[in-house]
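My questions all concern the structure below.
Labels A, B and C are assigned to the chains in the order they are written; within every chain, residues are numbered from 1.
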Amino acid sequence: MSDILLSVAGLGKRFGGFVALSDFDLHVKQGDRLGLIGPNGSGKSTLVNCLCGTLRNDTGQVTFSGQKLDGLSAHQRTRRGLSRSFQLPRPFPTLTLADNVRVPILYAADIKPDRFRANPRQRCEELLDMVGLLPKANRLPTDLTQIEMRKLELARAMASEPRLLIADEAMAGLSHQEVDDILALLMKLNAQGVTIIMIEHIMRAVLAFSQRLVVLVAGRKIADGNPTDVIRQPDVVAAYLGS
Amino acid sequence: MRNLRFVLLGLMVAGATFAVARLIDNAYVFFAGYVVLQYVVLATSWNILGGYTGYVNFGTAAFFALGAYTTVVLHKTVPLLPLPAMMVVGGLISGTVGLGMGYLTLRLRGTFFSIATLAMAVVAQTLITNWNFVGGSRGAYIIRPANSPLFAGDYIEYLFVVMLVLAVISVSISRAIQHSRLGYGFSAIRDDEQAAEASGVPTLRLKLIATALSGGLMGMAGAPLPYYVTYLDPASGFSLSYAVNTIAMPLIGGTATWLGPVIGAILLGTLQQVATVTISSALSLLLVGLLLVGFVIAAPKGIVGWFKR
Amino acid sequence: MDLSIDLLGNALVSGLLLGGFYAAVTIGVSISFGMLDIVNIAHPAFIILGSYTAYIANSAFGFDPILSSIVLLPAFYLLGVAIYFVYDVSFERRGDASIRGLAFFFGLLFITEVTLVLVFGVDYRLVDAPYVGLSFHFGVIDLPLRLLVPFLVSLALIGTLQLFMSYTFIGRAIQAVAQDPMALRLMGADPSRIKRIAFGISIASASIAGAILIIIQPVEPSIARDYIGRIFAICVMGGLGSFAGTVVAAMILGIMESLTSTFYGPSWSPAVAFGFLLITLAVRPAGLFGRR
């Protein structure tokens, strides 16, 4: 019980008449590698947005590290250690790469004074180095390739030193080698103690990464368990073959 | 410590400017200089919310005039209050109004905030126009003292110095913010507010700080106005030319840094003073409008940005 | 007792008529802001331009202001298209729409106002038409034609636009472009072209709105600013992009202003619109009829 980091109970969200998410439950333990899959439109983005505070859920409860997240804004959740990377990278266009990662360092510093206040620039360089972008530290995001932008996105998400990172389709549109790069990066982060929820369509990456797999279809969870078992479930097969 | 050095440098430049103005020994220099300095303050403070944070305030006139009318009220109630004290009160009132308005509208999209600032300017003007204590639509007369209370000279020289000091203060604040944690937060909000939130930036709080600070400085810039013009009525206090100039100057000078608004204010302010005397004030305003549109279309990074290329 | 019911009744009626006129003034922005998401705060300046063109047609050639405004529709349409072109190339394509776009339109507002002052001066201008001085009387209620005719023209304008929006391909494309530009492309329509047409229509409506404005009241360049607040208050209250909402919100505003003016004095009316706007933005930004 004490090592459950994220606990979601009965989460629901609707937009007018459209039910995006209904009755969603989830428990994530510290150190887990969770994979989340589902066809387009199944509610994955809505789920991430509700967890991170960008959207307000209609029903249900989200508890993180023992604290209820109700009513907390996005920045408050980030400061408590719940971080996300955006599906379509959203770097700050007029800031250099170094400054891009500096922003979360400066603003997460409220909660974690010691490490960050001392030397933000050093921490910026560490983060960029971790994703291999240090040589481009003083360039603008417009100078980056697709995969470099994804790496920047992850570096920025990691800059606040989160306990839980939601990687939202970080590999979409990348080549085989690039997918492996990102996969290796996420595994390294997990080895350092970060709990990761990977939302992805690229099945080989999901299966290579996840200890546990959750499947979302039409706003409902239809599977939650061991990856090799889950992908053999008839309703999961149907959802994917059907779509 | 770099900030303190900049302030000292600024005060030295201010001192030199004043010495030169005294040497020229023409009252017009002080009158025109006051207006240019006033615009340095207005442009710089507008830019904190506009250029740094990305929220366009069309209601400069409201904050500015609130400062001016606060002085009118204080002049009638506690006439012995020194001008700097009146400025502080004016700044506090404007800042608080900015805070209040921000609280109502900053949770919405930037465009709604901008429209709301226009709205606020008109409401403020209507309220003042209907308030007889400050003269209503007929205006108020303020007697300008003959002599400077601080050094030997005319009162207009004193106003010039006061505005000079305020200019140094506001530019120093702007520069300090630019290089600070607050500055990074503002830039993040301007670039992508949602991503900023996700990065831990308390966007609403920072926007409120920017609005209150910007509004407060504008109020301080407006506070000495009644002594400068000696007759103040709502039509001139709330004139749209304040709003246009305050937006045009940073956009033309460059919105990304503290230097752009200063350059824009000095250039455009001086240009207008010259044009008003040589052509006509209506034409000089037309010129400002054309320059604004021209720069916004052709040189979005302003003069400073052009030199950085 | 008798006197105040009389006063109240007239205030309500003229408020309603005024509200109808306000709807015409706003409908252009309902299109540009509500459907195209372009914050054209210069729209009132184009309306005043419409007033002055009607004034010229009337004073120099003796033409009826409303008829001449209809004749001038193509000119205003082209003006709108030209402005959209500059806006599109300078801002929308660069993805820099917000600050600079707003500053652009603010600059246009200002330039238009100052140019009008330079050309026409600050004197009030009015038009001379047979219906300007007349009034119908129904018991204690007066129906001045200078309010009634604009009211009817306004409803006709909005009705025509609504029919256009609902029953023509371009009209429906305009409604679609705000919600789903991708679907529009798949249907073979170019979103840029559709937006250009829509903005052109938006400015064209200013021609008619300007003509009926100068019938209702004498005009001078700076009154454009009084209308910015009214227009956006109505837009936001009525729900962006909804014509029916615009009409209802406009009438509510007209009545509120009329009542304020009658019972508290005309110097308070500019604050009514803006006060409404601030309250609506604070409480219910989606407006009365809006989505989301």
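Convention: a residue touches a chain if its C-beta (ideal position, glycine included) is under 8 Å from a C-beta of that chain, and two chains touch if they have at least 3 such contacts.
Only a predicted model underlies this, so the values are computations on that prediction, with no experimental measurement involved.
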item	value
Path length in the contact graph (subunit A to subunit C, fewest steps)	2
More contacts between chains, B-C or A-B	B-C
Longest centre-to-centre distance from subunit B, chain (CA-based)	A
Chain centre separation (subunit A, subunit C; CA means) in Å	47
Separation of mean Cα positions, subunit B and subunit A [Å, integer]	43
Inter-chain centre distance, subunit B versus subunit C - centres from mean C-alpha coordinates, in Å	32
Complex interface listing, subunit A residues touching subunit B	52-54, 73-76, 78-79, 83-84, 86, 90-95, 99, 102-104, 106-108, 110, 156-157, 159-160
Subunit C-touching residues of subunit B, taken from the complex the two chains share	50-51, 54, 56, 58, 101, 104-105, 108, 110-112, 114-116, 118-120, 122-123, 125-127, 129-130, 137, 240, 243-244, 247-248, 251, 255, 282-283, 285-286, 288-290, 292-293, 296-297, 300
Interfacial residue positions of subunit C with respect to subunit B in the complex	39, 41, 86, 90, 94, 96, 98-100, 102-104, 106-108, 110-111, 113-115, 117-118, 222, 225-226, 228-229, 232-233, 236, 267-268, 270-271, 273-275, 277-278, 281-282, 285
In the complex with subunit A, residue positions of subunit B that touch it	181, 184-185, 187-188, 190-192, 194-204, 256
